[in-house]
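Below, each structure is written out as structure tokens.
There are two complexes below, and they share chain A, which is joined by chain B in the first and by chain C in the second.
Showing the complex of A and B:
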């Protein structure tokens, strides 16, 4: 076996144990803190709250993680979220009132949007940052065109189906679990192996017969699919439409991915870590709120956590690799792969 | 052309023409993104020509408004341009603009002077933010994306905590007078934009520092091995970029008469888009400020013209997204084919 195959196989099998371990330690510490400062921290009601707040962030972060593993970045998720949110609020009644059909349509649109990103990145060889920023513009305009100010509503049953309770567990937690399982499935399919191979070294993957372009389209399409699920959950939780872009959410998204142990640059990491990362951020927010820190200061803590998390791995890593790491991935890879990703 | 029987004057004319074409070809090959720069400015003019033909542009003042708005976008985009040229990216744009604006209005209203102290203080503050970014990227080897994103969200908290979400103070009167004043029919801001573009171009193309930025963007390893202190230059790059955002924050506060906690938000993605539209490679090492100015102008032109139509403002974003993709595809095609 060549080093590439070995490396990829190891990563797919083992994920990134030390990194996800780190995020689990952080989670454990936060849970202890949370349990000690929050009243009725583990009652049904507060767990429901935490699960609902985590779901949107966690599911978006799963989508972002897929893209980051492929070696790219996605700036469009918050715009996809806003667009699909107002789409649901304004167009759902045209779909005949069937929630299942509506949900399928929304998720399909998300996947289609992602596929367009993937075609731009994979086939037209546009840098992922630019492709997704363009998509960001189109969709934030599209969201405003559908609904020019916050408003509208969704039927209560729809809200309850996704943000109520499924038997003993909060529905949001169930959705997160389904998304997590879907990711594990994806990772173990051929697509998963191709994803890590393309992210590690697109040129080498291409040389070994990995369909790089197709994998990239699938990568972004799956990411879009996850954003669609997140939009369903978000809309159910807020029960209204809002075309405005939530930039703080975009930052939290990247933070969740980083805390979850997925390194920028591609080929490493996993989405389960990102879900843990998202939960950490939500718990942190809740802890700060409970101890009476004004919400103004929360972003400062988020930023400090983000920088604190990347610092040890950044210092500890091979300096030469970091010297070559510019934005997204090593230069020689991008050049020899013809600017893939 | 020079077949027998041609009139001598025709011969010289065609020779001159051939020579011009040759020189033009040479210029195009020496400055690979000259074509992108010219294209973006031509599209800018074409947008207005189209607007005039459709009756949406009826006054030259509309062109001027677009250009004035473009100056703000340009000053910001220049900062982004320098960072991208060096091979990084800067996501701390919005809050550096905002915090510089708020810092200035606070300092100016509390010091009670002509506001010079406020302006200098705000620019120094912005530059310090850039140095902080640069240290994270150059010394701590953190991805520029994360480092600047972290800086931005920290500043979000600082500004929110400080302003409690409300507009703060008011800009010093002399600054307001200057920013809203004009020389004859031309706004002062336009002259600032022209001077800024010239100085920025000279800085990038005619100074050692400028060439080092390109060198680092093309290959940090080679730059390091050829004796460039890459860390120092990287810090200077982020400092210069943040200085520009600070300058934009000061100018905007003067123009709006005050600073508000959201004033920087609309500048982040447009700054990246303007840089890319102007032909600068997102991978670094290639591009220039004149193209970025064109990108910024085109951006605001589309917005200004749409404002005169009955189309909803959201159309602007959709058009810009599509234009950006088309432009990038064209620029890449050109680089691949020659």
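Showing the complex of A and C:
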């Protein structure tokens, strides 16, 4: 821990604090609010509820973060989620009933879909937004082809394994933790270094001998792998299939990434922040519900919170200009008022 | 200084061709460099130097041609193969990821890992620290984020990164363009050490003949994507080299200086302070070219930005025609008739809109003039832009082509040229000839002289003291945030300027 603490302290002193700090502050504030307005806020039951609600958003956000760090955007995750969800409900029985095999197949399909995105972006040089929107359409159609209306079910054992409890903790929280650890591992592999280098400046990375195209394929494949894990957890929690696209979730996903401190544009940020960001959004929703705010006001609050989180860094990056234009003007006017013609 | 030139060439390049559409960036380029030599590659912008560098570094696949190092053919076409062949390149457009630390950048693409495949930050840090210390750049922190370093420190990191690969062939692509004087001396020391240790051939790509003369054993002059000639630079004949570069004789680089204007000042600064700039006073008269000299980061940039309304003036004031003015933004400065050409420290961040056409770039500050009720009269706009292009001696196609497709010299001319249309009364030129070739330089000099002759007042900052000495009527030196007293044309010498730039002390090697 010591080198980590030392590193964080050095970055804070150097005026370049890790982006996750902001989201941790937001989380702390929300936890206090949550604890004070919610009854039995930290009981087993409500924790289970929060963990399950957070898991889908958080795990998808981890995948999205990988793509954003590489300098891209991924619009496909909710479609991957819907597709794999109905795939599980309709096709899993053909896999011989082994949950482990089923899980591996689902995650592998997720990774393969991601790899296709990666090939489109890395080798065919299609802009990530275009490539992943195309994938989004294909998969949302594919989901409807497999199952044309909500329905179906998965075995109870499967549901319990991924959305019940693992000893003292909710299974969903365990899955989130595993995904977080997996991200930390990825970040510290050579791939992780290449990922940040490509997102920061792809041409520079290429000149330094980084295999840019391969890194991009791996980036989207890992993202797809995380979407696969999210689909497993989501299907276990809902225990049924639903081919419809959850557009709100797609937008929340980007919000979670941003609140977590990962800047759009690439090269910085991290997925742990996105998990924190997802948790913040779920807590916020729960708080608003508890105090009786009508549900149609909730998005308004979301929007305000998102802006509030982003504003400091937007101001910080242009601090001088901002200070000059708005905060310091009175002094400036006074200093030169005598000379005004 | 000269290495023996008897053996067969160590680096042998034959018939490199590379075409982009109808443009031949390389058109059968040859090059020979002896083992262990420091070999200069010089030429105008667009002569093919950067493409040659990119081919050797594996970034650009040539259409045709071969390269040999030590008799072995180099597989051209991937950075990986180039590195395997022992080629290391310090690029002018830096190959550093801004969000990564110095150590993380220098350990790319294969950072040290433990046996589980986990990247070891400690190992890459200590390796980087060792490399930085070995090459006398120990002041750079391996943990610093590259994006937060100064441009010259970035360039040093780039160079150390190349040196640390212990290459057979080291390519330095315009390495001094971004370096201050002490860093240039640092670079020359390192190249000297490399030469003394032997075993590494250096290609030194540069615009500056004085550096080539000081550092290099031999040279290749490029023109139009080909070798225009080669020479042993200890017998350098500047005029001959310039002729080789441009293919004709350049009668005179600097235009004749007009008599020093007298009369009341147009632009006056009275003890203005802004950020690093602590106190600057100057008087710029009508038709005058006033030079500003200074080493990097002594406040001259803040002076220019403050005069243009881009930065806040903390204290003191600015007068235009004797009346105090305050520019809240560049827009208000433009309205008052002030134009600026800030050559970006890193290209294309200020000054030009790379994806927009030359026409749009030229008329942007004066768009109001061509618009009625917000609707732009294209014919009038185009006529004005065309007139400016003619004055700048740029081909008409620049009207429609995005500026990024033009050569660096033409981009720079367009950045300056937009103020021709604006008919600016005061031009602030911040290092207007940085990174442009000799021919374009001479054209820009002529442009500046013509502007001044036409009554425009010019404030000119330049890193090239020759420009200050030969173009300006008077000059002032920026040192540690303060602007010195004006020096008249009769006293403008290298020595006088340098003495002030260094704070009154002239180090021996500079005086010599």
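We take it that the second predicted complex is superposed on the first by the 299 of 341 C-alpha atoms of A that agree within 3 Å, B and C clash if a C-alpha of one lies under 4 Å from a C-alpha of the other, contacts with A are read in each partner's own complex, and residues count from 1 in each chain.
Simple rule for what comes next: a contact is a pair of C-beta atoms (placed from the backbone, for glycine too) under 8 Å apart; a residue touches a chain by one contact, two chains touch by 3 or more.
What you see is a predicted model; the values in this text were computed from it and never measured.
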Based on the superposed arrangement, let me know which partner A:183 touches: chain B (first), chain C (second), both, or neither?
-> neither
Going by the touch definition up top, name the partner, chain B or chain C, that contacts more of chain A.
-> B
Which of the two partners, first being chain B and second being chain C, lies in contact with A:131: first, second, both, or neither?
-> first
Applying the touch criterion given at the start, work out whether A:227 contacts chain B, chain C, both or neither, answering first, second, both or neither.
-> neither
Touching partner for A:268 - first (chain B), second (chain C), both, neither | second
So, does A:193 touch the first partner chain B, the second partner chain C, both, or neither?
-> second
Using the superposition on chain A described above, determine whether A:201 touches chain B (first), chain C (second), both, or neither.
-> second
Of the residues on chain A, which ones does chain B touch that chain C also touches?
-> 324, 339
Within the complex, chain B is touched by chain A residues 73, 75, 120, 124-127, 129-131, 133-145, 148, 247-248, 251, 254, 258, 264-265, 294, 296-304, 306-307, 310-311, 314-315, 317, 319, 322-327, 331, 334, 339
Using the touch definition up top, name the residues of chain C that touch chain A in the complex.
-> 57, 59, 79-80, 83, 89, 91, 93-100, 104-105, 107-111, 113, 117-119, 143, 145, 148, 161, 311-315, 317, 323-326
Residues on chain A engaged by chain C in the complex (per definition of touch) = 10, 14, 16, 185, 188-190, 192-194, 196-197, 199-201, 203-211, 266-268, 320, 324, 328, 332, 335-336, 339-341
Once bound in the complex, which stretches of chain B touch chain A?
-> 87-89, 94, 136, 140-147, 149-158, 160-161, 164, 219-221, 224, 230, 265, 268-269, 272-273, 276, 282-284, 312-322, 324-325, 328-329, 332
